[in-house]
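For clarity, chains are labelled A, B, C and D in written order, and residue numbers in each chain start from 1.
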């Protein structure tokens, strides 16, 4: 099989580095363009990127020359976007218009009516919006997006609970510092501390969850009817968002039934290279999941849950820059390939 | 005024040290006995206690000789108990029977029907149980208790919301390591991590809150009728429990009304030396309260709240070993004195 | 006594806030001007400064209007400078020329031949350079500086060892994050990590120490003849620099003699309001000093030492933004006042 | 090739778990016995061990039944000892007497005259002591030991500097908490703190280094003649000891020469499965090595160095429970196999 040519927009940041880490060894994709701001463009990636992952910088990527974020300069079939929201808003449509498939981790377009917001295990049928989008916008390419990191962990676990009749959701998050970008949280701010506020995060969790679990009627998404109420907090953890979740359901299932729903959850995507097995891992220990111990399960793509108690209450945890960002986009791209849209 | 003679049971631990810090400079109490396990008894306090507060060890206390936890050896009118729960269960009744007033921070007796569980600003009328207790048990002294640290912060903020008709409460805590005692949380366990489990903590929060906000009918406490659902988590903070709270109320108040209720909350106890002013501090900043920044307000006795949002959702935070432990017992003792029960 | 009018240059940063904390309650000085960058000038200090100390913002200061860093706009007899080095280099001479006394914490001018670099307990006689400076530069005011934070802790402890004939010094530091300014160290950089490099720090420690312990011959400073070799490292501590020091001395004193020299060190400055007692505190515990436990001794002005071993090796620790920055400048200003130079 | 049967003594602790992680996938060894205290003996390893590494517990090991630390119950050709020092002192000789080869990470026997203390890249010739040991003690088996973690990192880097004529060494360490065992460092002790003391650590570094770099004259080790002076400190890092080292050498080499010596260091052991490539990695970045970024290079067996400055001063860093403990013993065992002693 010939590999699909893949570019990364915003290649030097935290999420950009994760994209490169995942794509440089990917069986289906081949890194062909690394695009970043004008400050970095023209430089060797290994020199311009301050590589901050604890894996080694992939040698192929290190030797590539960074190009500007410009449809004329990027050579790829699909571009993975780790751009900041404000920039994504103007740049991503340009790429889609120019014929690129854009798999975006940016928040800018997620809530637009004709933009699919997708988690493969949750709502692959929402990809039907691609046709709507291309029709309406007259684009050759298209944009698909993945949700905010906090939303992803929770929504993966909500999917198998849909059958019990979800009525209301409360979520309290304890989020890792990497979610804010490398310089996003000063050490003076977070050491021996909790910051009980993350800008726009609660809004994202509340709106994205309803869109993800909503129905695609052939033309648009009808949001899921239940209420989501979020309280988001930053704690001193490098990677891994931990979430305390309450789900009120009309069927009022026992914890054992919820556990069974998690354990038997199989979205049938094991043919995707990045799909973890299991998708949801149920921890039996009374004090798990924990971010430092469990964030790398399934290569960072598995969502771990535990402490399923009456309420229903449980804890869910996942790697925020892999499952919650770069890995989410990559998995979406794999789904596109599988469905013949790439 | 002659000072009241005060002893501390369990004087060498985290909470015991806080008791000594607070009582050594107290205008109403005079430290007369420091009691600890047989391992420490007979030694000079300054030698036996591994003083771990960042204040200096009070010189008077440092020079005292530790006595055994024995009613014959302790010289005091009131004893403040920082004993572990299992020991408290047998020892505290012995002291009460022997005529001591016991102000206990231990969990052992809190939920017993004839034992007052009191926060002065919340339910001073529950002290009426003292008579019931002495009648039933034929004790000369008596026991009063203060709640678990997590419960205290929340319940202080719930009191002024009672008028809106509380129907249900969800609380997700991010608790400091000092709550587990000096050796309670290994650094290997908590560094770069969250531990989403604290033994028995959720049960304490759920039952104690209903007792505290219940009604005293002259003979017993009738628990408050609403549901409390807790999820408790340990984070890497030295002191200060942060709590994300949802309160469903029948009156469905606006956030502005809730804020006003917090700000105007005045339990009329400003004549108690340890009573802070304000009892509840409303932080206006969008990212406060934060434990490292706000835990010492009011000498560690003020409970800080912020981020009051529709839901009603808000954040509350307080110093867990001062307002949530030693200071809670001391404030209870001051209330006893004011009411002529000491 | 009429108070001396004091201004702060760079009033909004970490060290600027410490200046305001110390000066707002100072018996000799009165805060009359808070100067900061144009971005903040014109605003109320309480609004412009993001107050980050855990003490409350002083109310008088909070109500003051920030002025630009301009000799025409600042109203003061003495200005305390917390400016960044590059700005200090041009601004501080302007203030001195305009007649202000400048007590600077900036590194820009420290090593200039006619600028006194002073720690009151170490080299008060170096203030003789003020006359040299005013003569040479034709200034009405003058500049005095205090050393880098890491240098200060060590040099205070070296002073009483001078009598043993210091020949060589090795120092390995473990420095707090506050030394880099509020946004200086990203949490992603330091969590679960050590950064074994601090820009220009080793050079500062090596050159400043020799100047401080050098001789003033009436016209210039003759650097102390011994070698200083530093290795500087950042660790995850909020405040308090810990330093492992080796001092080779020709007299080859026993640890007991070194301890005695530390304990009997009395520079005779107890009439200065900010002078701590003791200046050097010798910790007897085998595992002290520790930054979290000991940084606030003497209001953050005492330098703690411990573990004096053959070598001579010992540990020294002090509060880097109080003794090592703002408090150092304030103490220098008190010395100027005492010596009639203010 | 038939695999060598390997047992682990002290299989449930931090270092024991690392042994199992390394041996369960080892090409030359086969885990045949897991021995631990009576408390664990008889239980399934997966149940008794509280697995705390972030890798998954190896399934084969998880299913094994723990045996007592008893020569009659352990089935193996070689036993890897992660026993505490006091227990090691009596148990390891029993195993050696009973014919086992004992590769020990314990400190108990390291400094005994007839016990080889070995790092394969540093002093393989010291294995000659095995014959001396067996002769003197009349043992069928024998004991070999690896040094203390802090010593190992440094000594690996000193070996290629021996040719320059080492005269004196100063070392200041910043050590990870895992070195103290899982419960060794309370979070209350180390959060926002440095502990400038580790029991017996400085003595170990000083004596072990001289033995390792000493000469084997056919019958005994003649310690290296230079002085080693250590100051050891605990910092809030999970894994990875960082060390600031000064080496005075008679040849007074330039930093470039030292760097070249590090880079060209090749002990010729690339046929050992656990030998990393390179043994010493020279980091070019001005702020490296750093424990979180570099501890896993070479599977945790590479020692990283950087910041080679005149003095000669440099920083060295390595993984304390892999290169500094379990991996050190495993590498020693591989060397024994290569030399036909196993």
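As a convention for this text, contacts are C-beta pairs under 8 Å (C-beta built on N, C-alpha and C of every residue); 3 or more make two chains touch, one makes a residue touch a chain.
The chain list, named the UniProt way, goes like this: A, B, C, D = Aspartate-semialdehyde dehydrogenase.
These numbers come from a predicted model, not from an experiment.
Between the contact lists of chain A and chain C, the overlap consists of B, D. Taking each chain's centre as the mean of its CA atoms, C is the chain most distant from chain A.
Where the sister copies chain A and chain B meet, the same residue numbers recur on both sides for over half of the interface positions. In whole angstrom, the spacing between the mean C-alpha positions of chain A and chain D is 41.
Separating the centre of chain A from that of chain B, both taken as means of CA atoms, is a distance of 42 Å.
Centroids of chain B and chain D (each the mean of its C-alpha atoms) stand 48 Å apart. Among the residues of chain D, those in touch with two or more other chains are 52, 191-192, 236, 238, 292-293. Taken together, the chain C residues at the contact with chain A in this complex read 14, 52, 177-178, 182-192, 236, 238. If you check the complex, the residues on chain B that touch chain C are 52, 54, 191-192, 238, 292-293, 296.
Contact residues of chain C toward chain D in the complex are 170, 172, 174, 191-197, 229, 231, 233, 235-238, 242, 244, 246, 286-293, 306-307, 311, 313, 315, 317.
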